[in-house]
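The same subunit A turns up in both complexes below, where it pairs with subunit B and then with subunit C.
After this line comes the complex of A and B, so read on.
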């Protein structure tokens, strides 16, 4: 019985026990492979397909449940793998009810982390806001654009005590905007006022028309 | 009950269910083998003739398969019963499966001693007394569809073609479907009389290793779609140390337009049972399962009946044919999800779990049903295996191409004159199948493309019809062999709409386990929907292609891995149609309702009022000239006026002309 096998991942060789998953071997080699669904010993159904790795022959396997029993080589960071992960992750986000301002998991959200890693846009600044929910600036009547602004800045303005001005551009997904504007109204803000503030940075931003369209729709509900 | 071939001929026969004789099968046809008695030999000869012409010397065969039943075979059967009683005919009425020639359904086969066997096509119950009188009383076959042979005893024989000479029959190679439409699918005796179970008894004589060797030598590859060498699969499963092992017959045929497995199981179920028994013997399994789609109830019933019959005759159970091999089969009904045809999902379903596929490896050959080594084969593959064991590997290997041997059943549907299931050598060109066997497109229709391999297959354009049908060529062209369904698409179909149709199916059938398939197919569907509504953009096309590629490579199982094929293949061959929808907002085939308008040609209109009478939206009204006109603001584009107009004065316009 072989007691140790050599796994080569992105050129790095690690020695592991036979039956180790490629993901575990990669961790040992210090290589980060994105994943969402695997909980070792509980769920290894390879549903999220983000942890796919490639053999040199081009066959794809999920690293979370592919076990190595002999010396094998894998590629985990080729441009096409990252591209596939990005498209796949965007698909997942497409039907995710993004409502970071109201989400309990925002401080430990794998979707937010992955969206940064995969350079996927579309998650609001609220996901990065350092303030606890009960200290949200909106509750204090301060007009913050965090709900409708693109994240990725690590919420620097909020960290330094100010509110969000949306300098990274608007969210363009209508369902998120719809929920955000509804929330603005629930908190007593005038939708026109929100748009007025947004105009400062977004007047010529490509997605601003969508924002205004949704805002008008929400405002028109009376 | 009279003596049948399956019974002992005399006291000297030592066969009994407790102590089966290894030569039992061989002895049925060429026996008796253990003793010499002219009377026993004569009994066999006589019984074989009875099977051919019925006990009374005349036989009427009514096909009873789903396809013939749908066209009224049951009513024909009752009409035959009544007519035989009324006319006082001495004839046996029996049932059979279907030839696969759906365009002659329901048919009737009449045979009598000294008469040529005649097939009558498209029989209506009211025709039955006339047909029976012509054949049995007047001995006139001039109105038959085809004869099986000419004997020169009936009038009109020269006027009727021989079945074997007809193009769609002569160009087929009836290997695995040889018994379809010929034997009674509910009679084990007829199966044995037609040469059945010789394969199993030969396998027992060769031993399991040599049986696998024989299958390897034949070059048989899985007929379910992927084309994995069957002998290899059996060998890997046999080599596994874990026990017990299992064999599963995949009869979960779910592709729209594919019915070869149903046809086979309804017409010749014992061949599948024999093949599964051989597979069990070869890999060392004692339990087999047949996983049948519940939506094909007759198929399930026939298989269940065949299993019971084989068990009763000692061909399933303990110590089969004295070989010391025990084997039994359970027929399992699927819950009807398309994904159940995927082998790992099927295993989960048999285990009573939710039918979710799981990642391979481990392959079922290593860890399958209940975590034990399991060989899963398509029913057509198993039927092939039984036939190969009976006829010898060389004969099978002599047919087909360099890489893929043998024959394959294909179902041709859609825009063809002769819808049906045809068995041809692998490597036959699509053109031969579509134009020569299925008769090509009906009058006035031009073939635009063929969709091969069901919803997971691809659309191949008409100019590539000369491609040979084999696994590698089809894959290279962007389609798959799949189970062998071929849908012929006429020029009046929009390819974007066709791609959307298949995605509607696959996105609904996605099990939802992995992201690319669950979400990707939905996203692709909505883009196609946008395009067919004339709202698509160039960017949408890019996204469509990108998502399709991701779904294809990242999905967990073959359902997701192949579902983008209709989109990718239409993008490859019919880009002009996508471009027309996006850039010019027109549907060249006049299908996508958002991009077309209905008009009435006043020159042609005969003012009959049919259109206005049938219009559900009351959008058509009489104008001053007495003719009719469509109010476009009210029109819901249902197309009823287009269908009902007796002079084809209603026409469709698209693009700029629809203004």
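After this line comes the complex of A and C, so read on.
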């Protein structure tokens, strides 16, 4: 019986016990692999497919579920792997009801963190806003575009005591926009007023047509 | 001395943007063109029909260097137009923010323009020949920005300043920190003056400004003003903010994308040199002493940079006092100054502010909360014609002293920089 096996990940060699997963071996080697589903001791994973790795020959598999019993080599950070992870994450995110403005766990959300790591768009500025949901500027009657604006700025303006003007561009996912505009209306804002403010930065932004379309749809509901 | 002369200095670098200068001499007459090539962005036009409360945010984007002055001046104009009276604390915080910008902008410009006077030519060379001085100056700049961050947040396009509101919560301890820090900065600036005076050689000594009319804000109190309701000219003429149009007219010249402004048809200048003369009695005794230490000659346009340094030192002391005074008004805990809702009324308002580079005018007409007319006159627009007139006189003066062409070019470039022109503001 072999007592240790040598695993080579991205050129780094690490010695582990046989039966260890590639993900654990990578952790031991200090290589970060993104993941969402695996909970050690509780759930084995293999659902989110964000921890994809490949062999030098090009065979792909989730690293959380592949156990090593002999000396093997893997690649964990090639550009194509990151691209695949990004696509997988985007698909996963499609099923998430994004409503960061009402979410209590926005400061410790793994989806928000991963979206930054994988450069996936579509998370509103609310995810980075320092104000808790019950102190939202919208509740005080200030028109903030955080709900429909692309995040990534660490909510600089909100940290400094201003409101969001959406300078990073609009979110284009219609379901988020629909929920956001419904929320604006619930709080007594005129949809036209919101679009009027958004126009200042987004007039020539590619996604602005979608925003206007959704806004009209929500306003038309009466 | 040549009968005719044609020189072009392309892309004279300033703190923000660059400018082409053409010099043409024919017989005795010398013409200098201050040609701004940057494209106008029509800020005044595209705000029409939008809510007036958006104006400060948008107008701030005219310039990233002096964004605070556009922001605050615009806020003043909107408040006057809508008839909103901010809380005294909000006003005090706005004064502080504005003061900080003058301190930081002027200080950075002194650092950028200093190589013209020390003979280093550029800042990189200056940092190599005077490493300790440079490091000290950079450190002062960092501390000024850090102090600003504590009370207003981000320096560029500060989001916390708004119509009748100050978004960032303020604590007493932070204001006290700002007070202490600025007092230290002020002391350090006075300390630094001695070593600066040694390397600060005069340029064109003996040259006199041919058009010595200037314009500053009329101080509402016995204090260096940040905002005001009136303009004051060096000939003693005083005009209220609303009637600025009667004496200051804007014109468009073919050689430049920016407009020029004239006072009763004649060129005038604005900036630290004007302010230090007009507000001489309002300065502290240390600041007056500093004017002597640096040997500021107010009739020489090159000494605008020295005047900027004096202003920086004086204002940082004033800011320290103001911050501590405000801290004493705020009890323990956190103070919020967010306005609930600004009324949608009609009216007209003219905001006047002391910009780092001179006097800034924002003029709005509002109907039912929507902006109907906007006019902005920036300090660089006011200075533009004065640079041309002074430049012409400088070229004649230099040629009569037997200065060669290459040096004439350097002199004119240094003169343009001494005015600290801001080209994005000039075209807006």
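As a convention for this text, the second predicted complex is superposed on the first by the 221 of 222 C-alpha atoms of A that agree within 3 Å, B and C clash if a C-alpha of one lies under 4 Å from a C-alpha of the other, contacts with A are read in each partner's own complex, and residues count from 1 in each chain.
By definition in this document, a residue touches a chain if its C-beta (ideal position, glycine included) is under 8 Å from a C-beta of that chain, and two chains touch if they have at least 3 such contacts.
Please read all numbers here as calculations on a predicted model, not as lab measurements.
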Partner chain in contact with A:92 - subunit B first, subunit C second, else both or neither: first
Partner chain in contact with A:47 - subunit B first, subunit C second, else both or neither: first
Touched partner set for A:163, first subunit B, second subunit C, both or neither: second
Touched partner set for A:3, first subunit B, second subunit C, both or neither: neither
Which superposed partner A:84 touches (first subunit B, second subunit C, both, neither): first
Partner chain(s) touched by A:62 [first = subunit B, second = subunit C, both, neither]: first
Residues of subunit A that lie at the interface with subunit B and also at the interface with subunit C: none
Touching residues on subunit C, where the partner in the complex is subunit A: 50-51, 54, 57-58, 152-154, 158-160, 162, 166-169, 338, 340-341
Subunit B partner contacts - residues on subunit A that touch it in the complex: 45-49, 52, 60-62, 65-66, 84, 87-88, 91-92, 94-95
Interfacial residue positions of subunit B with respect to subunit A in the complex: 356, 358-359, 361, 513-516, 519-520, 522-523, 546-547, 550, 553-556
Residues of subunit A touching subunit C in the complex: 140-142, 156-163, 165, 196-197, 200
